[in-house]
Amino acid sequence: MQTSSTSSVSTPPVSTPSLSTRDLSIHFGGHVAVNQVSADFYPGSLTVIVGPNGAGKTTYFNLISGQLNASSGSVSLFGQDITKFGAAKRTRAGIGRAFQLTNLFPHLSVMENVRLAVQSRAGIGLNIFSLWSSHKELIQRAEHYLERVALANRRDDRVITLSHGDKRKLEVAILLALEPEIMMFDEPTAGMSVDEVPVVLNLIQEVKAEKNKTILLVEHKMDVVRSLADRIIVLHNGTLVADGEPATVMASAIVQEAYLGKGVAQDV
Amino acid sequence: MFRQLLSDDLPRSRMLSALLLLTFFGLAAAPFITSGARPLNTAATICIYIILVASYDLLLGYTGIVSFAHTMFFGIGAYGVGLALSSGTPGWGVIIIGILLALILTVALALMIGLFALRVRAIFYSMITLAVASSFAVLASQLSDLTGGEDGITFRVPEILTPGFQLFENDIFGRTVDGKVITYYIVFSICVLLFLFLLRVVNSPFGRVLQAIRENEFRAEALGYRTVVYRVLANCLAALLAALAGALMALWLRYVGPKTMLSFEVMTDILLIVVIGGMGTLYGAVIGAALFIIAQNYLKNLMAQGSEALVDFPILAQIFHPDRWMLWLGVLFILSVYFFPTGIVGKLRGGLRQR
Amino acid sequence: QDIKIALIAGKTGALEPYAKETETGFMMGLEYLTGGKMEVNGKKIKVIIKDDQSKPDMGRALLAEAYGDDKVDIAVGTTSSGSALAMLPVAEEYKKILIVEPAVADAITGDKWNRYIFRTSRNSMQDALAAASTIKSGGSIAFLSQDNAFGRDAIKAAKEALTTAGSKAKVVHEEFAAQNTTDFTAPAQRIFDALKNKPEPRLLQIVWAGPSPMNKLADLKPERFGINLAPGGNILPVMKLWKSYAGTQGTIYYYYDFPKNKMNDWLVAEHTKRFKAPPDFFTAGGFAAASAVYTALSKAQSTNTEKLITTMEGMEFDTPKGKMNFRKDDHQALQSMYHFKIKKDQKNEWDILELVREIPASDIPVPVKNKR
Amino acid sequence: MSDAATQAPAGQTQAAQKLLELKGVHTHIGEYHILQGVDLCVPRGGLAVLLGRNGAGKTTTLRTIMGLWKASQGSVQFDGQNIAALSTPSIAQAGIAYVPESMAIFSDLTVKENLHLAARNGAMNTERLEWIFGFFPALKKFWNYPAGNLSGGQKQMVAIARAMIEPRKLLLVDEPTKGLAPAIIQSLMEAFKELKASDTTILLVEQNFNFVKNLGDTVAVMDDGRVVHTGTMRELADNEDLQQKLLGLSLASHQ
Amino acid sequence: MNNPDLPSKPRDLAPLFLVPVLALAMLPLIGSFPTWLTLTVAGLAMGMMIFIMSSGLTLVFGLMDVLNFGHGAFVAVGAYAATMVLLPMKGWLEIDSLWVNLGVLGLAVLFAMLVTAILGWAFERLIIMPVYGQHLKQILITMGGMIVAEQIIGVIWGVEQIPLPLPESLRGAIFIGDAAIEKYRLIAVVVGIVVFLAMFLILNRTKLGLLIRAGVENGEMVEALGYRIRRLFIAVFAAGSALAGLGGVMWGLYKETLTAAMGSEVMVMVFIVVIIGGLGSVGGCFIGALLMALVTNYAGFLAPKFALVSNIALMMAILLWRPAGLYAIGRRGA
């Protein structure tokens, strides 16, 4: 089942994939972190990427969003080859991602963190003569996203004063604020308390319900995976080893073995 | 209206507002509330340094770029005017041309440095600027036929700017309104305009991105801002303003020379003022510059009295001897970093909480 | 009311030591001349000391302040040529006298000169001529100097001087090393290569302000190539280091042991008493400036600028170096210089030079360079 | 290193049941008053779990114990000695190891060097190392790799391994399972069990209830900088209403 | 326990060849062999002195991430401190016996290093402590420290230049044919090599280096592992200062006249060396210093005009080749 399957996606496949990677690879020194991964992703579908620690999930994200440059292979967005684009250009082209290890503007206020995302979306960054505060609609948009992740109450606090969980939520808010076509979540609920997790999951559900966004999600929590996934991709030692229906994939030997670790987890 | 003028970036502290108003009116009325050459000289220097420092803060406080090349641009502006005036017959046209040429050179250099900086880490960037600046200074003193070498050039300015020229017959508030005073008001008003412009820049969406870059460049890039472009732009803006400040300085002093325009001392003064005043807030530049320049001009007189009072304690007298004023400058350096980690403005505003 | 005199010097920064000497000399000078009363024409003399940090803009501002705010009658200064040059126009603006001491740049009494400027210190040309006067014989000469305005000025003067002094020596090489040069191996090699096979006697003249590279060159044994060094005189702390090169000859502006006159005797005795060291180069300079001021004031019996100028033009006055006089044309004080030799057996740490010959002013025909 | 023997007999017996006890601990961070009187008690040889929603103050509590924030009030008894006033190094040397929430691995250093530093008493004991590799094979594989280049989960493993490399009296672990794959979570569970067996006491902050529910002995729940519930894990695990009440957690969505 | 597909990165040797290549490349240009020899040996020796002065700076930066613009002050203080031993013992220096002279020098060096070490300790306490991890503030506050130190020197030792004559036995030069090699420079070479080896071993063969690098990245965590990082930092800083002190003595004896500003004068040069080396790498610093001194000499001989900017040109060239300097920090192998 080593394929980039289009057949087995549960939502009716839109003819053209919004995002696709062809033989995408990267190696660090001798170590191949992502190896010839080819996959297509479709609007309105939510794909969960699972795999052992160090399988290459985050690196795969980095290759798509441009934080890393592929050693070989290509990434294309709505049919356009964006392999040569830098991170910023890809973001503006519509690829948004939230980071696994929280990565924010520590000394700016929670509000400003989100506002900057909105501003980038609005593309007025180079405007020197207007006042940032005169762009009321942007501020309102930012406030709206803060409410959606239930952070409105911390609006004016600096980010370093947030607890870990709150930072995770802010990470998500920023991604939403970018309003990208492609949304990539890297373990959004890691370290989030059990009562907060649903907040984020519902958010993702809502976005998914809009049916026009392409969502990629890296997650280790099986319950989360089950409740969200239309489709599951399994990475193992950088190679794509399974791709398809959640049920079938989760049942497959390799996943049981290497990932869920029924029996002893041999290699990693 | 007023809000708009200040780009909605109000002092947000009674004390601070008071100080700013004091400085503003003090400078506006300087020629008539003081007498003699030195006070006027001090006032003019303050005006010019406010711009010089504020423009540097755009790099340092807002974008988080540590550059040592700021004096270089200051110098280019100054030499632009100086060379123009010393070459041709002093006239406004000549000045304008001089400034324009200087600005062109400035942008070219700023772009070059900026683009070079993309290849190297932040800290290396500051070291490179240091190197470039110092070699530029060397160059300036080497081309002695053109620049007058270490000695620099003393030049003439248009008639109405010379002390000889008198606007009115009789004195006003005990000050003859001569070319010096006219020059002062030219300097003053240009500085006000430039400052307001800077305020606008840092409070524009652009300015906000700069702060984001300072905080976390990687993330700013990930948000879709081409940080390179922003840094280079900030670089050029700051350089241009510095050059303008330099032009004004030359016009005021009727002299240009490496010690005054290009030396590392000027750079350290700028840095110190930024820190005393408070990084990342332009008002810091105003307060800092005012305090510092005044101190620099009058500290020694104070110390002279101090050491006279202490004659019978040799060591103390030694330490407070006016020739040791640099010692106290150094102490100032240290204390200001100690006690005003966020600068005077930061202190006055209480904490560095951002909006 | 009092007679006010401003003394401007680079009291902080690189030139601080020089400025200190000038100040000491100037004050001691007044003390000696007024017999400690600090009075002239029955008026008290008030000296206002200002520090221009060797910065031209400061120099300007301070001089303007002195004339304008402090209302001084005469100003004296300053240490750095750059600063001095910047001051000249100010004196003209305020129509007040400025006595330049100890800046040496030729331009001060040259094309940048104006009628309010007098100079007690010697200028580069005088140095050069003095040096030249010791090189009557033929042979080959190379110069080493620092690569800046001062250095180039000096070498230009030196070459001019050679011709004026009618020396048959031929200049075969000019080496300009960066001001901040620390390693003189390379310049030395270039000079040696240039001089090596040229006709004897081979002379290397070193003109260097600040710590002189003399030792570094001597350590490379130029005598291997039959090259002799001729260092320009320097301040005592520097010349102390030359003891290992006894016999080396050069010319100098002042050395405490050379002049024989009452004024100098008093200066040396008094200075040694107060500072545990004999007076130096710039101390004498300061003293001379003081003498110029005092003599002018007492002769003119007034502080009126025009009166002073007429008095001072051609005025002769005593200094620790003997008589000087301001020649009418460019107000440069003509003075004698000294041809020295480094002593072999030095009795104490300050016993460094021995006199070969005093070069009288008459042997130093300084050309008049101010187009007047 | 103080040992209970030096204490009064009473103190000794007390220290015998309680390895760590916080009494009315208050912690301020800047102008914020974060911990507002935390009482917490960790029995010797047990595994105590600290639960609570985001921002409850769990991390702050651990940092306070570690001396990384200074308690402005209250006492922290460890092994019969009040460590509230001690400096962080002394606290560590008293026998406490810490796995911070941020992992705080040294990214410039290799995995090997990271562990090498954690082994305070010089060289690393090889079989203990092998024992750790047993749980986290990745570490063995990336032994000479700069830790900064590791994956999120791998970094987490390094952080945990650092605390296990030498025997310590008490382990403070802040959300170890975040970012770990199920397989590794299982071996982590094993690891904790074995540590307990070799009477290491553990104070574990965790969000993943399924992970702790059959691991913990006692449990404490925090909210708004206070401990709002203490008891045995059993009781909480069996009582869904209690879970609902304390954690806002319904097993329906999370089994 | 190495893993086949993860080779631990190979030692980076390229920079090691720069010095010999440069030297040999110059031979034909210079032509005369004796001249070349003189220039090269002189350059190497000068490089050693520069290295000694820079080593402390790169150490403090590499290990503690502290940018000490005040480093020059320690150089100056070192030199001045040495005079307190050398001037009283003048008599001994004028005796023309190598061993007696060296003995006295050794004494002076020890004293100077002691003084600078103590000063460094105080400096760290008063000036560096509040600004760990904030480069800008470090630059400022250490500049302040520099100014203060220079002024204090002025107060204690006076502003006049202090002559510091070389001992007789170290004067002059040795001659190999027409090539002249100053004796003093040979001493510099020896000292330089000793310092380099000592630092290299300590940093790469002991836990110390690791500990401090970890401490810079996350001091809290190192403390949480039970190490007293503060003490360590102070020790390192004192060591760095002592090295500067040593450099100061060497430099002072070379220049033979001391001025309070002698420290700040060398700062730009020192910084360029440290950058070329890759801030924090002792090995890089060593090579950088040699390169710079050689380039200066060759340039000074072939094209004096260019000598003015040769340092900067060199730095630019190196950074274009390796944007983070010869040996980027963070990687092991000082």
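In order of appearance the chains are A, B, C, D and E, and numbering begins at 1 in each one.
Convention: a contact is a pair of C-beta atoms (placed from the backbone, for glycine too) under 8 Å apart; a residue touches a chain by one contact, two chains touch by 3 or more.
It should be emphasised that the depicted structure is a prediction, and the values quoted were computed from it without experimental measurement.
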Lowest number of touching-chain links that must be crossed from subunit B to subunit D: 2
Any chain in contact with subunit C as well as subunit D: E
Most distant chain from subunit D, judged by the mean position of its C-alpha atoms: C
Centroid-based (C-alpha) most distant chain relative to subunit E: A
Whole-Å gap between the CA centroids of subunit C and subunit E: 37
Separation of subunit A from subunit E, taking each centre as the mean of its C-alpha atoms, in whole Å: 49
Inter-chain centre distance, subunit A versus subunit D - centres from mean C-alpha coordinates, in Å: 30
Per-residue overlap in subunit E, given as positions that touch at least 2 other chains: 6, 154, 159, 308
Where subunit C touches two or more other chains at once, by residue number: 16, 147
Numbers and ranges of subunit A residues touching at least 2 other chains: none
Subunit E contact footprint on subunit D (complex, rising order): 66, 68, 87-89, 92-93, 98, 100, 104, 106-110, 113-114, 116-118, 120, 140-145, 162
Sites on subunit E touched by subunit B in the complex: 67, 126-127, 130-131, 135-137, 139-141, 143-152, 154-155, 159, 268, 271-272, 275, 279, 308-309, 311-312, 315-316, 319-320, 323-325
Residue ranges of subunit A touching subunit D (in the complex, touch as defined): 28, 51-55, 57-59, 100-101, 161-166, 169, 187, 190-196, 198, 220-223, 227, 258-261, 265-268
Of subunit C, residues touching subunit E in the complex: 14, 16-17, 20, 147, 175-178, 180-183, 185-187, 189-190, 193, 211, 215, 219-221, 224, 235, 237-238, 240-241, 243-244
List of subunit C residues in touch with subunit B within their complex: 11-12, 16, 51, 54-57, 60-61, 64-65, 68-69, 81-82, 85-86, 88-89, 93, 105, 147-150, 152
